[in-house]
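Notes follow the structure.
Chain naming follows the written order as A, B, C and D, and within any one chain the residues start at number 1.
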Amino acid sequence: MCTAIGLKTHDFYFGRTLDNEFSFGEEITVTPRNFPFRFRFTGEMKSHYAIIGMAYNKDGFPLYFDAINEKGLCIAGLNFVGNAYYKNCTHEALNIAQFEFIPYILGRCATVSEAEIELKKINITNTPFSAELPVAQLHWLIADKENCITLEVTKKGTNIYDNPVGVLTNNPTFPEQIGRLNDYMHLSNKPPNNTFAPSLELEVYSKGMGGMGLPGDLSSQSRFVRAAFTRCNSVCENHEISSVSQFFKVLGTVEQTRGVNKTEDGYEITIYTSCCNAQKGIYYYKTYDGFSIKSVDMNKENLDGCELIKYPVK
Amino acid sequence: MCTAIGLKTHDFYFGRTLDNEFSFGEEITVTPRNFPFRFRFTGEMKSHYAIIGMAYNKDGFPLYFDAINEKGLCIAGLNFVGNAYYKNCTHEALNIAQFEFIPYILGRCATVSEAEIELKKINITNTPFSAELPVAQLHWLIADKENCITLEVTKKGTNIYDNPVGVLTNNPTFPEQIGRLNDYMHLSNKPPNNTFAPSLELEVYSKGMGGMGLPGDLSSQSRFVRAAFTRCNSVCENHEISSVSQFFKVLGTVEQTRGVNKTEDGYEITIYTSCCNAQKGIYYYKTYDGFSIKSVDMNKENLDGCELIKYPVK
Amino acid sequence: MCTAIGLKTHDFYFGRTLDNEFSFGEEITVTPRNFPFRFRFTGEMKSHYAIIGMAYNKDGFPLYFDAINEKGLCIAGLNFVGNAYYKNCTHEALNIAQFEFIPYILGRCATVSEAEIELKKINITNTPFSAELPVAQLHWLIADKENCITLEVTKKGTNIYDNPVGVLTNNPTFPEQIGRLNDYMHLSNKPPNNTFAPSLELEVYSKGMGGMGLPGDLSSQSRFVRAAFTRCNSVCENHEISSVSQFFKVLGTVEQTRGVNKTEDGYEITIYTSCCNAQKGIYYYKTYDGFSIKSVDMNKENLDGCELIKYPVK
Amino acid sequence: MCTAIGLKTHDFYFGRTLDNEFSFGEEITVTPRNFPFRFRFTGEMKSHYAIIGMAYNKDGFPLYFDAINEKGLCIAGLNFVGNAYYKNCTHEALNIAQFEFIPYILGRCATVSEAEIELKKINITNTPFSAELPVAQLHWLIADKENCITLEVTKKGTNIYDNPVGVLTNNPTFPEQIGRLNDYMHLSNKPPNNTFAPSLELEVYSKGMGGMGLPGDLSSQSRFVRAAFTRCNSVCENHEISSVSQFFKVLGTVEQTRGVNKTEDGYEITIYTSCCNAQKGIYYYKTYDGFSIKSVDMNKENLDGCELIKYPVK
């Protein structure tokens, strides 16, 4: 399971946690403008916007988990198992295999508005990358510094939702997730007043009691509420260090600690957390056992090249 | 387990639920002024205030669960298993067997203030009524129209607590129970405001959302919080029908429905609910499967008699 | 706001709470078989199944809040404000004004299966009963002894949902309400085990702790969860008194106490609670300040008459 | 407010968060064996165990917030405002000013057992360090690799509690805090089973749902429960990097993000988080805006010196 957020301070930041039992061997991967994307149904995209993100690189193709492009458009794909439903390719639409979605959109769209126009044309297909790599069931958070949307493709069709809270986790569907925030509207970052029974002398015995009722577990619904509350109340200074630090703090509230989330295969942990400065093209990240935040700056690479540039996750 | 409350409208009302797997064969029992109470350590109390309440009558002695006297003093005993601790009889104090406590106090005290003076003198002993009736582990809610206190006797000694909320359930100790209300101080009978994230458009989709976070289960701690919230926000008209009805509504929020609380011996249910008009001496009650509220008015009895007057619970 | 449930013991029972700030002047109303229903679009229904239920009778028409027919089919309409959306009358469908829905279906359908066939034909229209009576925004719980469904008409169209839990309240939509039960799947009527940290000695200090986490407030979402938990764990004996008593207990857990739910106009309270023995045609009810459960047995009336038979609510 | 924990993996680790609106100018401070501690009432302690910890150094005296000694005994002081109550100095006891407590105990005790013997002799006094530094109201977590206790001094006297969970936050008192865990005993790191209503088909729609009900806010009570659940379920590998990383993860679940906890003076944030390897004498820490974990190893210093060795927090 995973959590993605967008956060605007002086710049726009976008990132996510990737929660799983094990690493996929992912790499920070820069796709320069002239790397040829060979799409299954729409042919080759010879030149495009440069992209940086976290990808599992397979057979020369960057299978991006989350990425931004040089224009500041950002996408993260998050598990949506049981709800995601992709159709076969069809004659009526522009067919994009599920695994091609991030490069296709980031390659040609500079903004969320441009992406929305594309989204109306395309059919995300259930085409597997290969026999060993079945189709992931995902939904997507798509954002730039101005707008944020969620894309969900289910049996009921394709839905594009405005995402005013800038948060996405996993199940249930986005309307249910955001609808749940209504139940927490009384939470506050300020100390509570006694409205329980004004005649009783009740005591604010601790700071932070205004948040009482906020869920603390690791389910996707609870992570959504907690990340939303933290992100919406987040305060930081208008410089890079404070913004990046703060971004990691917000995602830190939904980080998965080894042992707390037992699955059949072991324990789900936050394999990595990322934070992109979408305007400057810098990809910050940290790993579960890493003692520090690392970064890769796409603008220090040759973005006019035609080969993928890969940095192993340390 | 059980819940007791006091509630002041135009008159003062006091009552409780008695929750158990089965009935004890209890009867509404009026003890007239000249019924001789033979106490184990303090001898015979030949005349005293008249008392009405629910009792299991054994060998001519009314083992009261809850009762009021003709002066409007009210006591209910509630389970306090694991915390209650009564000592042996001692030479330094006035020894009152645990099962004698309600008649002893109601027999001689007209008010909470008078009861408090007695409480400082007495040692509640661990004397069983008989071999078949071991000592119940109880704590007590004691109230009149002006004051309300809780009495707890534990290994740490005897504690008399002011009880500003007028509610008692079972474990844990009263200070912990009432301290817990701090965690719910933000609840309200009014619709919530959006303090979660004022920039988000959140929706009050239902009436009653101001109470979100109120616990709904049947544990003693949750019943305490729920009864406190309901009682403190209760509104009724200043006449008998509205007051009695309202009192049963408040206790209705902590009533135990058969099946929801499974124990080793079956299901705990609310065997009966009582509501005394402490000023008029009327004992209202209803039973689990009863379709109506019944009542017994002590002032319609000969209170100068010397025999117990018993009404079976219908 | 309101809560409706169906409950099967030896017979099938169906009923609801009606929560509001004030009574509408409703009456237990028996519509005999030959009372002529004059529908706005479909003309006169001269004979039909006999019906008993709670109605506000206006200009000779029974505006039923909840009712059953002589075949044991049951319907209750519950507030669904902000979500309900009825269209104008249309040429393509059988037009039934919203206020005609209960008599139309109960008049001609003996079972849920028959009702489902009708539901696919009809268009519930936004036709007001009169200038003073605007269209209520409702959704419906429809049940017989075998099946239970929910009908919702929103901007997205008409949806008929299987309702395996036999509960309906108000907002949000039924799929969201029932989906929420997943979050409470760990609740139990049994005492909890220590799975928090087996190495710690934790204590079951009270009976009923298996339900910890159950919401206790009066919002429609919390009433849904609480009624579902209580209804699904309900246990009673297979006779009328136990069944009826138990039914009122289940709805008692969502009863609204005056003062706890403050609205602009005063306080929302449970004006009445009903329980129909759907197989015997008996309508039981109690009012907020009523001290007892009353009943009307439709089979003691002349069901072949042509005049409404009305009993004032006491 | 703050949170402290002890955690045993292959070594024993101890540390805390320090939450406040601003930094105190604290420094990692090594007190070598021959630094003379001049205590107010008990005179000079010329030689003692070496100590490392975080301290505000004032007038040549290390006012430790948390520290360990070379024998592996660890102490952290945490806010306990409103409950802590220290007496004047007295003739009957060994008087130790509140601010001397950590150096006094760490200077002379090698284990919790030895500390407990000292604790019974001493009177922690309300002596301020200076006119500008009033007496902090604290309670203490004291641990070694075998044992963990909590020390609280209130109006009711001095209490030493076994602390089987190895967690301390702030108010309320420790018995209340740990008692609260009973209410969460049903939480689990495993997926939940449907015990709500086995007849309903409920869905585990997300990993991590076994923790549903865990509180997510920043109050001291909720941080206690959350840290306890995380610590008790924590799993890591038996080497230094994994242990240290894991320790910071556990405390990360109670870290305070700027903006979420508004106080009169600004926002409470986690100024620093520490983690000591108590057996190796290494003090790891990170600051709110720090991008990495830093460390100071006491065994790389000259521990036989007589001057404080201070490292500024980076």
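To be clear about the criterion, a residue touches a chain if its C-beta (ideal position, glycine included) is under 8 Å from a C-beta of that chain, and two chains touch if they have at least 3 such contacts.
Model, not experiment: these values are computed from the prediction.
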Same or different residue numbers at the chain C/chain D copy interface, by half rule: same
Comparison of B-C and A-C by number of C-beta pairs in contact, larger one: B-C
Angle of rotation relating chain A to chain D [CA atoms, steps of 5 degrees]: 180
Far-end chain from chain C, centres as C-alpha averages: D
Distance from chain C to chain B - Cα centre to Cα centre, in angstrom: 35
Chain C-chain D separation of Cα centroids, rounded to whole Å: 55
Where chain A and chain C are represented by their mean Cα positions, the distance between them in whole Å: 43
Chain B, residues touching no fewer than two other chains: 172, 183, 187, 190, 203, 205, 209-210, 212-213, 219, 221, 229, 233
Contacting residues of chain C [partner chain B, same complex]: 1, 19, 82, 170-172, 187, 189-191, 203, 205-223, 225-226, 229-230, 233-236, 241-242, 244-246, 249-250, 252-253, 255-263, 267-268, 288-293
Chain A contact footprint on chain C (complex, rising order): 172, 176, 179, 183, 219, 221
List of chain B residues in touch with chain A within their complex: 164-165, 181-188, 190, 192-197, 199-205, 209-210, 212-213, 228-229, 232-233
